[in-house]
Amino acid sequence: MPTLLEVRDLTIEFRTKAGIVHAVEGASFNVERGEAMGLAGESGCGKTTTALALMRLLPYNGRIVRGSISFEGRDLVPVPEDSMRAIRWKEMSIVFQGAMNSLNPVQRVGRQIAEPIMLHEEAEPEASFKRAGDLLELVGISRNRLNDYPHEFSGGMRQRVMIAMALACNPKLVIADEPVTALDVMIQAQILDLLERLRRELHLAMILISHDLSVLADTCEQVTIMYAGKTMESGKTMDLFTDPKHPYTQGLVGAFPDIRGPRNMPEAIPGDVPSLISPPSGCVFHPRCKFAFDRCTKAEPALTELSVGRRAACFLYPQVTEVPPRPIAITEV
Amino acid sequence: MGTVDVVKVPGAISPFRARATVVSRRMQDIGLQVFHNKTAMAGLIILLFFTFLAVAAPLIAPYSPLTAVPDVGPLTLPGGVHPFGTNQFGYDIYSQVIWGTQISLLVGVLAAGVASVIGTAVGLISGFVGGWIDEVIMRFNDVVLSIPWLVLMIVVAARLNYLDLAGIILVIGLTGWSVTARVVRSQVLSLKERMFVERGRMIGSSNAHILLRHIFPNAFPLIFANTILTVAISILSESVLAFLNLSVKSNVSWGRIIAEAYQHDALTIGMAAWIIVPGLCIVFLVFGFYLFGYALDEILNPRLRRR
Amino acid sequence: MRKGLLRELAGGKPLWVRAVDGVDLDIRRGEVFCLVGESGCGKTSTGKAILKLVEATDGDILLEMPEGEARAYEDVRQRPDDPEARKTLDGLRRKYSVTWKESLPWTVEQALKSAGAFLAAVFLAIVAPSLLLAAVVEPFGDPWSTIGLCVSIGLILGLIGSLPPTRLSRRTRVILTLLALGSIIVAPISALSLHRALVGDVSRFDVGAALATPWTQELAAMLVGFAFGAIAAGGSSSLLLDWRSRSEGMAGIHMRSIRRRLQLIFQDPYESLNPKQSVYEIVSEPLAVNRISTNPGETSALVREALTDVGLRPPEEFLFRFPHELSGGQRQRVSIAAALVLQPDFIVADEPVSMLDVSIRTEILQVMMELRTRRGITYLFITHDLSLAWVLADRIAVMYLGKIVEMGTTEQVIGHPMHPYTKALISVVPSPDPRHKVERIILKGERPDPSDIPPGCRFHPRCPFAFERCGWTAEEVADQLRSLKAGGMLATASGVDLSDAGNVRLSMGGGGPDALVRELNALVSERRETLLPLKGIAAVHATNGFVELSLHASSEPPLLEIEPGNSVACHLVSPPATVSESLTA
Amino acid sequence: MPGDPSLSIIPRDPKFRGLRDYMISFFGLDRPQWEQFVIYLQRLFTLDWGVSYQDHRPVADILFHDLGWTLLLVGTSTIITILIGIAVGAYSAVRRGKAFDFVSTGIGIFLYGMPIFWLGLVLQSAFRKNSVFQTWIPGWPALPTSGYYDDRLIPWNWDIVHLADAGLHLLLPALTLSLGTLAGISLVMRNSLIDVMTEDFVTTARAKGLSPRQVLRRHILPNGLPPMVSLIALDIAFILGGAYQVEVIFRYQGIGFRTIEAIGSLDYPLLQFIIVIGGVAVVLANLLSDFLLLWLDPRIKIS
């Protein structure tokens, strides 16, 4: 049986007035069945774009330039839009950041949950609504609230509704894009707990996207770190957090204060996130890297396996090679 | 994030200099954006053309608009030196159309100015002060808004009885401010909730300071774009009033030319241009203002600037 | 610096939301005091109240109070009924309180001025409408006036019609009122016209003449005038009162200088900078507004110094940039510089880094801490992020629903939390080190609505350790019993209700009162550790046909000092003073 | 224009003195003002709106007759406008940035800037008998350009001939009014829908696997309509203004036509109620839109 999701060299561009935004360049990662993979990075590093691209939902000015997304061995990139629609929500579903904005404000939540069931399983309305009620109870909301509107729920409850909706068609993969950002720490714990429980019970694979490393540390088995649209490092959570290899990962891990650790001021990564329209030459992180040397400014390090399941893109590790030259993309002005 | 020229800074910076630097940089920025915006440029070209017609009317127009042409009689069919013919008094219609640009443009711009000034003042005060003052002003404003504008205008025009140019400008301006007031107020209400206004309070600014320094500059783009659209509406209003014989009697405007043509059945006597040409002028001038206004709104109002 | 505050804040109109309720905290010079809690717990309101951005309903904010006087203040505050203590209290407040307002008696001059203004307003209000009416002489003889009248009728209709839809309820009310008024007018008029139609004689029964006789213009003018007068008088007097309180509100300390010494760093650097101002204007504005520096040279120097201090070097490069030309971290630095330029000694930082990326976050924190050592600034740091508080704070106060539940040094509060809420909160904070796993205490439910605060300890409905005296209400107990009944328990009861007195009452099922009492007692002793509301039941007794439950008396736990510098508000930690247990079977 | 209304009816000749006095007492202009006002109020509510100075017919009769025809005109064109406006607006929102959007927006702005009376004149000349087009293009239709049915001397009859004839007469005026007001609605619809389309729940809907048409119908339109509804209600005053112009051009004798005539002849009894009717129409439209909004948007609640 092939890997559930295998993303290779995914590259996405946006066309804007200011120029071409290289939102994601050469992102690669795997997600196994029933596994939780964390995708971490600061704002603008291409996490959400990657998530949208997995479901082929990029906005009209974005496009996948190259790379493959193979889901159960089938490459989704060339799949025509019509067939893609049948895959969406049935095979993989997504939970967005702002649950308030992700629910249609003028439609009852029951109908919104039942909608994909009716669409994909061609179920009768009654059966679909019954299942919607079951789903609500699964996430800890009384089924009496099927007929409520989104604005009648609190923030945490809305996120639960979103999760119930994501499970409507028994998908194999759930992408959760910042599912707990903007929620209070207690609600955050409740939601993460719920996601973990559901994952265990339903044997779901999950991609958890967050800017907050500590959230991922608690919940994921694998973590991929992105920076300026590129994958910097990936590996098992325990290894990656206890022994980060890439200088960016080291900086990021050090930037989070640890309530259970010593009372040390976290460390800063000097400088700012680079522009995605004209990214720095060579390794994108070199302007902010304290270990940067001559080669970093000229050549781009390839994502190379350092040990089993552990990959990083940094010339500090001798086995890392340069990125093979790619066909020059024609950039329009 | 554009690249910033390193500004040579002297030791002491006067507040005036600081403001001037800011304003000039903003104007340059906007000018550049207008220049690169096709819609805005199209609108601007139309507007420049009509402005030229209005300013240069004495030079371009072959005849005076309100004196009979010596060589031919009234209601001459188009042709020769009178491309659109002459009207019932024997005035040259071609010259009338050119001179009419002046009145239409003047009435449009000034009336919109009146409407914008009143509307902006009312909207700013109403939105910023809030409370019962806002309530009273907005109720009154709603009332003005909900009355059919044409009827209101006719009543005011009829009530004023004597309508010279100033009169018609006042009538259109006084009936047209309520939309501006409403737009400005809602903008002020949303600006008032912004954090930088709270910062203004935090540092101890007075209300007047906050209104002038924080609210107005941020509402200005919207007010400006709205004024441009109001000019278009004012031009239309003037033409309707003129058509109903309620506008200036001593000057020629496009609406009045159409009204005269209509009264003399220009279409049946083969003088279609008498009606069509001034109408097209109105349409294009208004079109120009709308294009420019819409494009400006897009440029100045970052809410619409989505990728 | 020392301050204590005790206050309640006013919220929306229909019901008062106690956003912050009786918060007492003192902050010492040079320390970082962290206020933590979930959103809506009142931490931001507290910060804003300290800066007087929102008006506290009650309480004091005391500035720079020496230790001895602070102790005296605490002391006299305990005895509010003692007139001598009141006097001392007022004296202390006048000297140190930022929110102090004098309640002095009116002076003769003020009374005369106010009375004069009042009379002038009334006079104007009567005369103006009269003149207005006189100006439109022959109001209804002139057809244009009739048109004007119709316009005004149209105006009223338009006014009703054009209210925004969200106010539909209000409009409906207005319409109903108008309809009622209309019917009052229409009914007699239509009766009269019917009469006229039947009798056919207009002159003998002339409604117009009959109604118009006493209805002279003067009378009308006076009536209108009185209505206007009343409104104008009310308005002017309220304005007067407002003016008076404002002109004397700041006895002792002038607000301008407070603005100067207390500053705020805003949460969102994207929103809190005016996009139409350059960095120079943003940073120099406080100086100009407070007339601290009017000399351009001095202003520029101060601005440059502030920019350099926050790490925007060289300052010349940033002076004429707009906020949108800066990165997030730079914006927040500008925001700090604008607070810093006034050289404050106390800064409220409301979530200053929560909108920033992690890699930038630390730099901002470092700038802030550097300023603390260099300029001796005291911080009130408001955050929801406990791990941030852990590394930054000297002392911490944890808030829940407008109250402080625990306060102490960082080591005390986070290292050894005592309040169940603090414990739970700390246990769920995620850690970036996967080796540090702890047992998470996940609380059920969400925070209650601040307009409907639970009685007793406000945390008890979610508290995993709540016991008898924490404030169980009859509703909570009844709900618990109902759900037990729905689950097949309590077979001997037929229903659960609230009695008129507000007690829980079970109506008898098949087995008679004794069986029910027995089952209840068994149930309580068996399930009370898992179903906490059952702990609220003090006694079970049968009355005529019903079984009534009496509940334990409860009280709100006060914030008590458990060990030096560490205060907790929880009955578990500090058992309540013996409550008279009168409620027994 | 204002002045003594009796003078506007009767020539200023001494020999008409008696007639003038009679007229003054007939219209009640000699009574005290307060009395006039009370009588006025009484008449307002009993629909006894007096007699037109010009027609010498009861105002209520005239106005209710006119109102019917105006409602027919405004109703027809509003329905056409809303249907087409929403369709065009929705389609150009979906195809934002494409050719259709560009062209429809351009035409929209162009029409928006067209004086309605002039549009009416142009259409009139294009479709009248023996128009230029008729001589050039065979089969070019000629449409009636004035009145609401042929030969108004014959009383109205509810038969097929009259109905068809009235429909034919309605065609040009309704078309003019629709074209004049269409642009506003379609432009706002477009912007409102584009606003909605950037919302996250639309992405969610797409992620659910809905086709673009389903997303539009189930998620975008229901959220885009509420602002439209309140806008159309606000626009009703504008539409009425347009209707007045159309009626004058096409000699369609509704309220608008009557207004202009009444202004010309200083027919105050008529004028005042015309204004009241205008106000009532706007109020009703707003009230209607409120109830519609209540139904469309669950977030609005009666509290």
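By written order: A, B, C and D. Residues from 1 in each chain.
Quick note on the criterion: a residue touches a chain if its C-beta (ideal position, glycine included) is under 8 Å from a C-beta of that chain, and two chains touch if they have at least 3 such contacts.
All values derive from a computational prediction rather than experimental measurement.
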Taking each chain's centre as the mean of its C-alpha atoms, which one lies nearest the mean of all protein C-alpha atoms here? C
For the interfaces A-C and A-D, which has the higher count of C-beta pairs in contact? A-C
Give, as an integer number of Å, the spacing between the C-alpha centres of chain B and chain A. 50
Distance between the centres, which are taken as Cα means, of chain C and chain A, whole angstrom: 39
Based only on mean CA positions, could you tell me how far chain C sits from chain D in angstrom? 49
Geometric centre distance via CA averages, chain D-chain A, whole Å: 54
On chain B, where are the residues touching two or more other chains? 1, 145-147, 155, 159
Residues of chain C that touch two or more other chains: which are they? 144, 147, 151, 154-155, 158, 161-162, 327
Touching two or more other chains - residue numbers and ranges from chain D: 2, 275, 278-279, 282-283, 286
Could you please specify the touching residues of chain B with respect to chain D in the complex? 145-151, 154-155, 158-159, 161, 232, 236, 239-240, 243-244, 255, 258, 262, 267, 272, 275-276, 279, 282-283, 285-287, 289-291, 294, 306
Sort out for me which residues of chain C touch chain A in the complex. 38-39, 327-330, 357-363, 365-366, 369, 384-388, 390-392, 410, 414, 424-426, 428-438, 440, 442-443, 446-447
Chain A residues touching chain D in their complex are 52, 55, 57, 60, 85-90, 93-94, 96-98, 101-107, 115-116, 119-120, 149, 151, 165
In the complex, chain C residues that touch chain B: 51, 53, 144, 147, 151, 154-156, 158-159, 161-163, 255-256, 259-260, 263-264, 266-268, 271-278, 280-281, 284-286, 288-290, 295-297, 299-301, 316-317, 319-322, 324-327, 335, 338, 342
Which residues of chain A touch chain C once you look at their complex with the stated criterion? 42-43, 154, 156-157, 184-190, 193, 211-215, 217-218, 237-238, 241-242, 251-253, 255-261, 263-270, 272-273, 288
